[in-house]
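For reference, the structures are reproduced in the following blocks.
Look at the two complexes coming up: chain A is in both, with chain B in one and chain C in the other.
Our next item is the complex of A and B:
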């Protein structure tokens, strides 16, 4: 016999079951309809691609003007497909054809479409819009203002995208301001910094100008240490060997906020890569093998391994007994080149003798380091 | 009798509360995952990494693939790894004392020659018997070592790696060609990222051409299809949801990218567990939080790794038994994090959920079936209520499984054929009628085995994926 309580519970459970079954059926229906919708959208994009591609080639062959091309971009699919196709072709073409295609990006239809996307709630849409503005010369003040606002966005992707757009501005002042604003941000990832710097430096025809700007940024105390280190690391990749003196000077002076030694360690590594003979002077002058930071001592050990000379035996003896394994391995490997190696090694504590034996066994073989 | 009746009533209420809380949270994860995936879909296309195939602007990656008795699939897997779209990477295959012809096949196919590599032992592992390289395949390094199981093999790979990032994959898995680019996006967004997980999906039934995924299809077997649904649920709303909450506890051992220095800092993979993947992630969390070092552990839904799943009950049972033992072991090792506010959402949300909602779930579920029967017998619940509750539980499970299929359809859409999606939906229903209950039994046995101290890996029958479709 059912009590009122049983009835209430049974009614509640039945209601929940009905809701769940309804939800289940709604999910099935929604999934089916969504697939139909996506298939239709896919067909629309395919159709748009079939229509847009020939138009681009007709434009290149002077059979179509910009206005006529623009008039054919009727739907959003046409606009997006045209943008994607143009980007692909621009990446793969050179010379006059590339320049003409870039001109096409300036048509109003693209501008209107992507301007509206700058204020979208979807980060992907905003970033895509920034990517569009990175391709064309931004003259519109409101767009510039919006992009500068996005440079302060906490989401790194939008910050990166907006910077990418701004550093492509024909206005040198806008470019430089955007670049410096980006560099002074604390949260930039090293790969994003590398990417922006690479593209920014590519905008300067005269590499000395770009190098000079980079040199100033490296020594700018407002640029976070991690970013400054990324700038230093990218110098060999960019081929800015004229910055050697700046690097040496920075090694001597250090960075105001280098609380883990990253700045100096990176400088030593890059100077080591460049085989700069001036590095030794600043390492010795600042006793960097006695640095409290493991990264600096490690960089010194690696430098000594690469640049070994008997004068370094003293500091290598100290580094061979470092508390850090990697520092010790590098130092011992360097010491192996010394005529006094065995004598020095005999002075190593007993627990480090095994490491020394391992180093001797490896001989000249490559030793992989972190 | 009345005391027993009262006890049953109380237990019923507790089980009901448990049911509502756990499933309510699953529903929350589904909704959060949906918006999280949609919001950041295709964001990797924004990063137009210049010179990604030719410069050192981007972090180099060492892909580590432990291999044990993989003679059927290792060549295809290694070839697919070597074909990844990226300039700066190496592939390290660690032959973990295979008893079949895994090493011989590698040597013959890739024209490997013995080499000498001296590496400091940053993390512990069993002795290395030999190192092999190939002039024809300069990105490939093969390490032959004494068997020590997966964690040990991974540690050997970590020591032999030369690059800043390591990517652990299973040797029988196939990565999509652009996975590294997609994973690197996360490192470009945040310098503090130390680990990223990607999606693992079921390769059984898929068509591979030139050792690359050509067509996504469903497995032909019942178990394979059920697992296709399971993997969607686990990755598309489980992991994504926890990533949204910044409380990810696990990165799959089949596919994950880690900062090598971070892994070495915490001592590499431990040997005395079968859940080494989850254990490492928890240890990273523990270390970085204790040391107050800013860090991020992420999961993204774009990059996909395809892996072979067991299609026979015996192997699947062993696998799920092992997974549950691994879960128990990891949660027990880091029990100090549970309900500990020092660990933020990890301690206050993720750890308790995994303990109550995952670890003891099979106990509650199986006990629940017994409880319902007992309660019905003793009149605590009437037949109507018992049946209704059963249907609610089953239909809710179906809704959650179907949500995973829907998420797949609304976001990544790998199944191009509509009928495959419909079949998946059907198996999302069927999963809750029979399979779920068997799965709970396997997990319960895993939990019991854990308490008995079982640490065995077991073996899996492999057919080898990435075989060409017959003409």
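Our next item is the complex of A and C:
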């Protein structure tokens, strides 16, 4: 026999089940409609690509004028697809073709469309608009104001895209301000930093000017440690060897916010890569082998392995007993180059003897004994 | 019938433009956007020339060239490499494998066409 209570429970359960099924159906319906919408959108872009790309090629062959090309930019998809294609071709072409492609970007329809997209609610639209302005010499004040506003946006992609546009400005002051504002921002991705730095430095005809600005940025306490480290890492690639003294000075002074040792560790690694003879003085003066940060001790051990000389035996003996395995391995490899190696090895605790045999083998291989 | 050129480049927009220009010059162009498909075609067909991009996801240009050399899929002198990099050790290694030439991106279309003609002339029919 069912009690009234059972009936209420059964009714409630049925109602919940019906609601769940209805929700599920709504979700399926929404997903299907969304998929249809996306497919339709994709097809529109594919069609626009088919229509616009041959026109760009014809324009490059002098079979179409800029005005005639402009007349074919009817829908938003045409404008976006044309810009994407032009942007990629400009990046990959040079000479007359590149110059002619750039001329197409001056078409008013592009300017009007992307100016309006700078205020879009969709970050991808805004980022694309920024990329359009990155290909142009921005002289329009309202566009500059908008790009500077976007440089303060919390989204990395928008900040990066706006910076990219601003550092392409023909106005040096605008470029420098945008570059410094970007560097002082927290949580920049290292790839974004690399890209911006390369493009910014490329705008300077005199590499000494770009190097000097970078040198100041490396020592600027308002530039976050991770960004400063990214800047330090790309110095050899940029060939800014005139910054050696700045690197040494920075190693001596450190960074006010370097709470994990990343800044000094990166400096040691880069100076090691540059085989700078002045590094030893600052490592010794600041007792960096005793740093509380593993990254710094590891960088010192690697540096000592690379730049070994008997004078380093003392610090290497300390590092060979380090709590971190990688530090120990590098220090002990370096010590293999020392006459004291076997003595130090015998002094190792029992559980490290096997490890030592391995180290000895790889150390011997490193110095060409095996 | 024009000579066949296989173009392996993940940058579809650039590849389409190269294809358009080469078609105009009378070449038959096949384009694939990754190294795996490129090797698959090479195993079945023998293009007269291979234009190979260095930087691609999956198999990069160097790996594709190495496999072509290992499997002897074509005369290495029929390979023209497009690269975003300057002459690095990686590019030097490709020259050691015997590639015909390389062209750095961004490039001039006329330079590419000239190199293609030279590569085809050098390697014969």
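Everything below uses one rule, namely that the second predicted complex is superposed on the first by the 289 of 370 C-alpha atoms of A that agree within 3 Å, B and C clash if a C-alpha of one lies under 4 Å from a C-alpha of the other, contacts with A are read in each partner's own complex, and residues count from 1 in each chain.
Quick note on the criterion: contacts are C-beta pairs under 8 Å (C-beta built on N, C-alpha and C of every residue); 3 or more make two chains touch, one makes a residue touch a chain.
Here the structure is a predicted model, which is why all the values come from computation and not from measurement.
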Touch test for A:53: chain B only (first), chain C only (second), both, or neither?
second
In the superposed arrangement, does A:173 touch chain B (first), chain C (second), both or neither?
neither
Now for A:131: first (chain B), second (chain C), both, or neither, which partner does it touch?
first
See if chain A has more residues touched by chain B or by chain C, and give me that chain.
B
First, second, both or neither for A:89, with chain B first and chain C second
second
Is A:122 touching the first partner chain B, the second partner chain C, both, or neither of them?
first
Can A:188 be said to touch chain B (first), chain C (second), both, or neither?
first
Going by the contact rule set out above, which residues of chain C touch chain A in the complex?
11, 13-14, 16-17, 20-21, 24, 105-110
Going by the contact rule set out above, which residues of chain B touch chain A in the complex?
39-43, 45-51, 55-59, 116-120, 122, 160-162, 184, 187-191, 193, 260-261, 264, 382, 384-385, 388-389, 391-392, 395-396, 398-399, 402-403, 405-406, 409-410, 413, 418, 421, 425
Which part of chain A faces chain C closely enough to touch in the complex?
53-54, 56-57, 61, 84-85, 88-89, 91-98
So, in the complex, the side of chain A touching chain B is made of residues 2, 6, 9-10, 13-14, 16-17, 20-21, 23-24, 27-28, 30-31, 34-35, 38-39, 122-124, 127-128, 130-131, 156-157, 160-161, 187-192, 194-195, 198-199, 226, 234, 237, 325-326, 329, 358, 361-362, 365-370
